[in-house]
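What follows is a group of structures, each given as structure tokens.
In the two assemblies presented below, chain A is common to both, partnered first by chain B and then by chain C.
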Partner chain A sequence: MKKHHAKKLFSSSLLALAIACSALNAQAKDTVKIAFVGPLTGGNSAVGIGGRNSTDLAVKLANENPKNKYHYELVVLDDECKPNIGVQVVTKIASDKSIIGSVSHYCSAVAMSALDIYKKFGLPMITWGTVLPDITYGQKIAEIHRVNGTMVNQNEVAAEFMTKLGYKTWAILHDTTDYGKGHNKYFSEYLTKDGGKILGTFGVTADQQDFTAELTKVKELNPEVVYFGGLTPIGVRIRAQMERLGLKAQFEGTSGIRSDSYIESLGNDLAEGTLTFNEGAPLEKMPKGEEFKAAYARYGYDQPYEAYGPFAFAAADLIIQAIEKVGPNRKEVTDELARTRDVDTLVGRVTFDDHGQNIIPLITKYVVQDGKWVIWEESDYGTGKRKLKGL
Partner chain B sequence: MPLGVAMLVLLALSWALLGAETQTEVFGLFGVTAVIAVIASRLKFTESLGRVAVEHERAVSIACVVGILILMALFHEDHFPLLLLGSVLLYATACLGLNIQFGYVGIVNFAGASFFGIGAYTTAVLASHTAMPHLLILAAGGVMAALVGCVLLLPVLRTRGHYGALVTIAFATLFRSFLEVNDTLGGPQGLKIPSLQFFGWDLGEGLIFGGVEFSFYANYVFFALLLCMAAYVCVRRVERSWLGVAMDMVRTDEIAASVFGISIARQKIIAFVLGNLLVGIAGAAYGMMTNYIAPNNFTFADSLILVSMLLLGGIGNPLGVFPAAALILILPEKLQFIQEYRFLLYGTVIIFILLFRAQGLLPRGIRRFFPCAENDPRQ
Partner chain C sequence: MSLDIFSQYLINCLMLGMIYAMVAVGFTLFFGVLDVIQFAHGDVLMAGGFGALVAYAATQAVGIANSWVQLLLMVVSTTVMTAALGALVARFLVLPLRNAPPLNTLLITLMMGMVLREAVRLVYPNGSNPQPFPSLLPHDAWRVGGLDLRVDSLILLVVGLLLIAGLHLLITRSKLGLAIRAVAQDGETARVMGINFNRIVLLTFGLGSAMGALGGVMRGLYYTEITFDVGLLLGVIGFAAAILGGLGNLYGAILGGFLFAVLQAIGAVALPVLLPDFPSAYKDVFAFTVVIVLIGWKPTGLIAEKTSERV
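Right, the complex of A and B next:
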């Protein structure tokens, strides 16, 4: 009967696979699985793929290390930056008992939707790119940790820095996701405190293509700086359309646009002078930074690691270190991660507070110079050789 | 006999699809499915199967229900396959609602995900702020979707074809923006929904039954199955009644229908409201199952997914939405191992299916006014 054929074929192939797997596992070390979850398709895929590659690199480096007690295997899942898909994939990894820890999420809304699943199944996770404060501070969940800073920190620095440069008036554009709205909220708060003046605030939807209406209004208001809170795809469109409308204001973004694809899509001339603010120390300044870059090049990943790759690498590294220390047990790993104090990672020292939030004091300022993101202090702008618009 | 074989093959395939994890397993499954499909069509098995299925409709329905129960038992403690199974059933329920609109009376509704969302958001608000029993809340989700849908009635009645579709597209976009700027409804971050409870029994908790532990998703699958069955029976009844005949007539030729004294507006209103009611109820249950909703779940793209399920299944055949929903929801999930390229492959598979079955997987047959087998002239 056909049904029997199908079933037989399937079960025999399954058996063959099991044998093959056990043959592989017959190495000296036990295999431990960790997961990566991030957006691999859709508008944010560039950052997601960068994070995926970096996590993959962390796992490969761990496997190269002969001192490690376990062999690591990475399970990669795509959350599409959609909450419902996020719930699905997180259920998948959380209910798979062989997965011990997860490096999860770039999109804040997805992380929010999945928080309870991590809690329910006791799966320790470190988020590598979400910036919404509520993820760690909304409720106290032992399994949730974050290596990068929240948007509160970055906007505090951004507001102070910009007012000190001498800018006085702003127009704020933000996407209406939690990400953009949060940025708008905290930036406006700190900016008003620092004495800056907001001439107008405009919310735009995350898939909007044409910003003529908003930008024409902005042009009328004639601010010195256009602040944009949102991710790369819209950032690129807004910057390009500003030029088309002859808007000469300085363009200031958030960590969401610090990706290489921002410069690639705009071209060097248009991207020149764009400012962003990122959590963490610049890679070049870190002791392991060059090592990471060299390893990334050695394994020949096609796509750049992007702004959040190092965070994903650090998150994976922390999970691996914890597993090495206490063994592949979710509960123990969660407890071990909670004890993380002053651990040296790729992105600087990491200390988790009682909400699992890394308390990094450092925010780095970046500016685009000749088609590259350059640290402000080292750029021609920082040294005074070139001037930002309107200064 | 052929029916039994087909059902078993289908059961085995869906079991394998839900359980398949690795690359080899998934590709092996593709191969096996393709081979079975080719052999079946060579042997003219599909044709005879179609005929038999029409004759033994009741048997087919019962077999489907039993099949899902078997799947549920097989995966009783695996959360993930059960979550997928539950999602498939609830999306299929929503598609049944759209089927009344699109398949019977011919209103193209591109705001399916929005009505789905209205159901889910109603549940979220009522379940966290009132002490209403949850079954009533589910119904309220459906009623709310139907009520909000009534706002669209006038433009939908006044426009036809593509223009009607545009109205619903506009609504879908509006709905999403409304959710994103509305902070009382959680804004872009979304809302948490408590899990479903019946008379003190929490569906969000695992169950031990006869010494065997069941995943809490098994509860939801069972519940979704009940909802889905109710929706299916309802849709079939509508189709077979005079109402269904009138709807078919409105779809095929509005002028002819009005000449025969059928009120076009009445048929359209009934279909639109009833359809949205079902979509809303499905959305409410889905929200409770996933425990979390955000505007990003209910975008225009998600509405397109609902419509594509309908198209893939075969417009107008309520049975078709089941395999279609299963394919569209499970396939991209199973292709996770190819990571960023999965939608490429997924798209190709769908295109191939539609190339070889342009009418959908299970196209709607010709209406049989005399269901008794001995009166059928084709025999």
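Right, the complex of A and C next:
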């Protein structure tokens, strides 16, 4: 009994010592704050939470690294994918001088409305999921960077790929935010250039639930492909309602619907054959991909990192690397990020051009096969074993 | 436009109008008996849909495979649950505020709606995303020309019409309906006549919420998905439909619901054809504008109550 007691005492004092040591260790390093902003509530929160978890992981891994000079703390804010909320939360982090950099925004419309705040307060940000070109190319703001590609590249590849498959006629649905309108604009532009014919274009609102009127009109037009420029929640509804109306066209989305939730919400049968186009190489193909997956699993996040988690991770990593190099100073970090050339990250090499845009030529094509997003070239569709609709 | 495509539009409008009407009926019942606007009604409908999903999961867990039995259990359990929820809202939020300014009731139910919405989002696993709703009705389709007539759409349509007709009979022919109408006309006098006022109010809220829940299940079966925030827009549209028809009038609510669906379809399809520069995205702008004009023209609604209500 006594022996047991002594053992307990010993182990608990050891534990106390360990805690004291680690506290000492943490104290020895200055704490630097970085922020994460994304949609954590509302229809797009699945992707937002994936991004948040991935950013959190980058911060935790940085804190695990004994070589790092600073201890990092993550400040998480929810922009709800709404521009008015985005402006509020960005003002909040920008006016907090202890925050040195921000991993910001999945929704392009939110980023657009908040750009000037980053500029005004000199807060360097890297956007991890927005694809509207104007965010980086609309004006030249030193503080704004983007790790992922833009919708221009994505739609150029999409239009060329689809016309080469032999499709000739399209109906376009898009949401009426900057995001959806951008997709419509670039896809229509490239599609017309590649010889595709657009039979009808329909704008839909971001909270619309019933699409039967638009889709019945589409049915009347009888296109070979229905293209949708928008995000997962509406993508799910449109695909489900196409089925109800007996619309047999091929369904083609954009990076906005490439989430696990798209397939979960629709079920494997309805999701089967849906196409999307994403910037960057798939995680499995990246040298650090397996490492990321293992670390993500180790920390036990209960929701998946989704399609844009790796970009958020890479963005956080770039900010942390810059702070390690030049210290916690917004101006210096902004200058350091501008010098990013061929840096190895989770999503491949990153080079920011003079607008802060990462120049990745690579676009990956995905198709849903048996309830999973499969890279086109590796899918049964790519190898010819299965056929898309109407081919 | 060919006849088959036109029929397709007609079915779409009927289905959508039915769902709107079922929400609007709730608004109008609540306003009728208590002169209050229960703004959480859209979210009560959503809760009904999610209640059905939970019941579905439960039937699967105990190994019931027959889809008709599953559907029956879903409908019964969610109707009971949502009726109880509606009665609770009436008992603890609406009735205590009877003598307070009506604005208070409106605000408190608005907040209740938000509580319901966020609670479902947070509590339901992966609740932020659209949830697949099991399509339990047979989905064979008859192809008539370009029209795909699905059996489940037809069943939903018929069931919806039967429900509305049933509610009508309940209100006009039954003793309970008589009591509801009496309370609606004059609460004080009804009380003097020996009607238990509080009980009738609770029953009416239960009844209206149960209609909402059935609307939620029908919506789920029709669209095969449900999201935590569907109640928001449905609530606004249902309320607009109830006002348009004449708040407090059952037929008005039904008429308003169908009218709104038709307006949306015209805005989405007919106008872009007539005016090439009119994008279909303006369908809600168009529908609500027409509603504003109609309400301006007939402030008490298309089917006004015989005696003017103080609002």
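Definition applied: the second predicted complex is superposed on the first by the 365 of 391 C-alpha atoms of A that agree within 3 Å, B and C clash if a C-alpha of one lies under 4 Å from a C-alpha of the other, contacts with A are read in each partner's own complex, and residues count from 1 in each chain.
Everything that follows uses one rule, which is that contacts are C-beta pairs under 8 Å (C-beta built on N, C-alpha and C of every residue); 3 or more make two chains touch, one makes a residue touch a chain.
These figures come from a predicted structure and were not determined experimentally.
K.L.:
Could you look at A:82 and tell me whether it touches chain B, chain C, both or neither (first, second, both, neither)?
P.N.:
The answer is first: A:82 touches chain B but not chain C.
K.L.:
Touch check for A:237: first (chain B), second (chain C), both, or neither?
P.N.:
In the superposition, A:237 contacts chain C only.
K.L.:
By the touch definition at the top of the document, which applies to A:266: first (chain B), second (chain C), both, or neither?
P.N.:
Touch status of A:266: second partner only.
K.L.:
So, does A:52 touch the first partner chain B, the second partner chain C, both, or neither?
P.N.:
The answer is first: A:52 touches chain B but not chain C.
K.L.:
For A:132, select first, second, both or neither according to whether it touches chain B, chain C, the two together, or no partner.
P.N.:
The answer is first: A:132 touches chain B but not chain C.
K.L.:
Look at A:291 in the shared chain and tell me whether it touches chain B only, chain C only, both, or neither; answer first, second, both or neither.
P.N.:
In the superposition, A:291 touches no partner, neither chain B nor chain C.
K.L.:
Pick one for A:353: touches chain B only (first), chain C only (second), both, or neither.
P.N.:
Touch partners of A:353: none, neither chain B nor chain C.
K.L.:
Touching A:204 in the superposition: chain B (first), chain C (second), both, neither?
P.N.:
Only chain C; A:204 stays clear of chain B.
K.L.:
Give one of first, second, both or neither to describe whether A:108 is in contact with chain B, with chain C, with both, or with none.
P.N.:
first
K.L.:
Residues of chain A that sit at the chain B interface in one complex and at the chain C interface in the other, please.
P.N.:
41, 45, 49, 176, 203, 205, 207
K.L.:
Residues of chain A touching chain C in their complex?
P.N.:
It comes out as residues 41-46, 49, 176, 202-205, 207-210, 212-214, 216-217, 219-220, 232-233, 236-237, 240-241, 243-246, 261, 264-267, 270, 303.
K.L.:
Write out the stretch or stretches of chain C touching chain A in their complex.
P.N.:
Residue list for chain C touching chain A: 1-2, 5, 8-9, 12, 15-16, 118, 121, 126, 128-132, 141, 143, 146, 148, 150, 153, 222-225, 227, 229-230, 232-234, 264-265, 268-269, 279-281, 283-284.
K.L.:
If you look only at chain A, which of its residues touch chain B in the complex?
P.N.:
Touch residues, chain A against chain B: 1-3, 6-7, 9-10, 13-14, 17, 40-41, 45, 48-49, 52, 76-78, 81-84, 87-89, 91-92, 94-96, 108-109, 112-114, 116, 132, 134, 176-179, 181, 203, 205, 207.
K.L.:
Could you please specify the touching residues of chain B with respect to chain A in the complex?
P.N.:
Residue list for chain B touching chain A: 5, 8-9, 12-13, 16, 22, 24-25, 28-29, 32, 36, 39, 78-80, 83-84, 87, 176-177, 180-181, 187-190, 192, 215, 290-294, 296-297, 299, 333, 336-337, 339-340, 342-343.
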